[in-house]
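One structure coming up, written as structure tokens, with questions to follow.
By letter and in written order, the chains are A, B and C; residue numbering begins at 1 in each of them.
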Amino acid sequence: MGKLQATLVFTEALINGVLVGGVYALVGTGMALVFGVMRFINLCHGELVMVGMYLGWGLFTVAGVDPCLSALICLPPLFWAGRGLYRLVVRPLERSREQSQVLLTLGLGLVLSNAALLIFSGDYLAVYTAYSDLVLKAGPLRVSVPYLLAFALACVFTLGVWAWLFLTAAGRSIRATAQHREAALAAGIDTGRVSSLTFGLGTALAGAAGCLLLPVYYLHPGIGGLLTGKAFVVVVLGGMGSCVGAALGGLLLGAAESLGAVYLSAAWKDAIGLLAFLLVLVLRPSGLVGRSRV
Amino acid sequence: MGERERGVGAHPAARRGPPPWTAMTGRRAGALASKALGAAGLALGAALAVLPLVSPSPYLSHLFATFWLWAAMSQAWNLVGGYAGQFSLGHAAFFGAGAYAAALAWTNGLGAAAGTALAGLAGAVLALPVGWLCFRLRGAYFVLSTLAAAEVVRLCALNLRGITGGAVGILLPPLSGGQRAACALGLALFGLATLTSALVRGARLGYRLRALREDEDAAEAAGVPALKSKLWALSLSGGLCGLAGALFCAQTSYIDPGSVFSLADVSIPAALGALLGGWGALWGPPAGAGGVVLVAEAMRVLLGRAHGLAYGLLLVLTVLLVPQGFCGLLAARRRAAGGEAGAGRP
Amino acid sequence: MLEVELLRAGYGPVEVVCGVSLRVGTGETVALVGSNGAGKSTLLRAVAGLVPLIGGTISFEGQRLDGLPPHRRLEMGLGYVPEGHPVFPFMTVQENLELGAMAPRARAHRRRNLDRVMELFPVLGRRRRALAGTLSGGEQRMLAIARGLVGEPRLLLLDEPSFGLAPLVLARIYRCLAEVGPSGVGLLLAEQHVARALSLARRGYVLSQGRVVLEGGSEELLGHPQVRRAYLGL
């Protein structure tokens, strides 16, 4: 009996971890795209996720829109906001030193999180839907319905991005730019437009992931830094710039955090990812999956 | 007067042709002016250093204590970020480690001196594993790894509740002597940091670090022990940051993991001073830090709750408009002026 | 067709090309030879729009190119093949070629152009489903040239097509290039392999330290004592 119980605990932790990991994968995919194509270090990716979360929360509170629907609704405005952001502040520094990119995006992150603080104050917010407390029972296993839904939608989004990257002309030129920038220029690809599209797409994915994270995380203005950290862990686990890698990295981080929370302590959850991040960077800089980019 | 005569004698163009008063243009006047400016700056600096020590205003003392603290931090950061060109965003780890070491020592009945020494030691020792891990990486990866390392240390401080008290933090009795004492200590710390920086600059370590900064592969091929040199620099830097952490702890008499291990409040300002002021000159980092402290304080007073927003905006605008830092801007202007003067000569 | 006047270009404060003038006529094959570091690559990159100009002008078919981004130049019919292995390694040979044919001017004739280059480089036709990163060095070079050709350029800038290749592979690539010339596509060929390049081209320019030091017909240059001594080891 004790052994059965232990197996159950393990399986549940693993399932929950993988479910959250699906959303991490979506967060990471946006960042991996931006890094893979533009070689641009975006330290405000988590704040962009936060913007998506506030949008989702606002839509739910004001109009009662379900966060899953909000994830779709906020794609176009955030795509265009991302393109605007690119035009305004990212493009001048796209080819500059890492220092400038890091400081710029940290500054942007401060602007976004402080704006959130001014508008929404520092309170912890959450979204309670009709199915928030629903639990799916499969035999002795119990799985949270909102987690399952978030996972399913994150998978749909991730697969959708892949399909777009592999099947459309614009997606193909994005992949080409990531694989060989000079050759892309020689092949007549407008790399400026590619960068703009990529940043817009990364921002939109961040926003969608934010809406999907609403059932998982409490929302507050300081959450951006935490999420940027997670995005980087995911991207580094998967090999910087690889989308497939980012997806696997997301699942891995989710599982590791969840198992860590059960077997070590919930408090150390965030440290596990960072330690993995450091170890992978030092021991296997090409990531766990390898170097196949975008 | 002596200055001027030496200047005339030293300048070949002036000796050869035109009378001295027409030669008082271009480079020579620039050199004289910069010397005068340097002397004036030194006098002003000395006055500013003493003023808050005798002034009755605790606010002024507090402001200056903060300034000296960040000037020292930027000087310490510059050892690694400037001389060695290793852009660290993890200096909060050493600052926080120092703060916690001091706070724990003091609450456990150790003396002021012992606690301070322990703080410096904590920063210097922590720098070794952090550096050993992060210095394997270059460029963007290095920056990210330092960020992650500081975050790991913060999470340790947050979760080792038995030792650190966790998120509750540690409350200390206020510093005897108040802000004025903090100001004096800050000045001493800044002096120590500047002295260290000056010594490293002239020492073999300084040359090695600059060689690594310019071209790591070439420097290593020329026999510069890369990892060892960088670890020395980071350890010295970490030690100074640890002392700064102890001072912060004494000045505010309360610390928690969120404040002393903060990226936005510790790591970035430490780097910002040197980045804005420039890494080449000894006065660069403190000048930059002075600007940062003043602007941050002004915004806190003027804008209240919106100061964080303004700080972020200012950071973005600075990077966009002055990507080389203010010192780079000055250097470029000086180069342009020098070029013109050179072209004008027969 | 291409006229370059007193072109100066470089990276940051370093000027690599210091006042070069040259011209390429319609359908002409011209060689640009010189040793490593003479500024050949930078010159081509500047013409292709990858390096900003410090001074001088470039005009193509009578139109000034100043400040046009690379993709606009390709649309005007100015193609460029960078040095090295400029292919998209995680895409198939077919995808690589299709990307080269995306420019509006070439899109209509995509099928025909693709068939033509596969005829020109049969090995690409045989390996069209392979990932470009798995091809050999010579095959990757052929793929890059083929991708340049399917964009239907009127002039193709080729940077070091022979660099790092085995003699047999090199000979094959040059045979193909000799077939391209008569089809009406102009070639500007930057090469360290002086004898090869001049045997293909009718005219040539010799570049040294960022300046044109000699120019003339290929025979004339091959017979010039300076060229023979410096580049042919005779």
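What to note about this one:
Definition applied: contacts are C-beta pairs under 8 Å (C-beta built on N, C-alpha and C of every residue); 3 or more make two chains touch, one makes a residue touch a chain.
A quick note: this is a predicted structure, and the numbers were derived from the prediction, not measured.
Think of each touching pair as a link: the shortest run of links from chain A to chain B has 1 of them. The central chain of the assembly on a C-alpha centroid basis is A.
When every chain is reduced to the mean of its CA atoms, the largest separation from chain A belongs to C. One finds 35 Å separating the Cα centroids of chain A and chain B. Between chain A and chain C, the centres computed from C-alpha atoms are 42 Å apart. Averaged Cα coordinates give chain B a centre that lies 50 Å from the centre of chain C. Those residues of chain C lying in contact with chain A across their complex are 48-50, 69-71, 74-75, 79-82, 86-91, 95, 99-100, 102-103, 144, 147-148, 151. Here chain A touches chain C in the complex through residues 169, 172-173, 175-176, 179-180, 182-190, 192, 292-294, going by the rule given at the top. Taken together, the chain B residues at the contact with chain A in this complex read 87, 89, 133, 136-137, 139-141, 143-145, 147-149, 151-152, 155-156, 158-159, 263-264, 268, 271-272, 275, 305-306, 308-309, 311-316, 318-320, 323.
If you check the complex, the residues on chain A that touch chain B are 41, 89, 92-93, 96, 98-104, 106-115, 117-118, 225, 229, 232, 236, 265, 267-268, 270-271, 274-275, 277-278, 281-282, 285.
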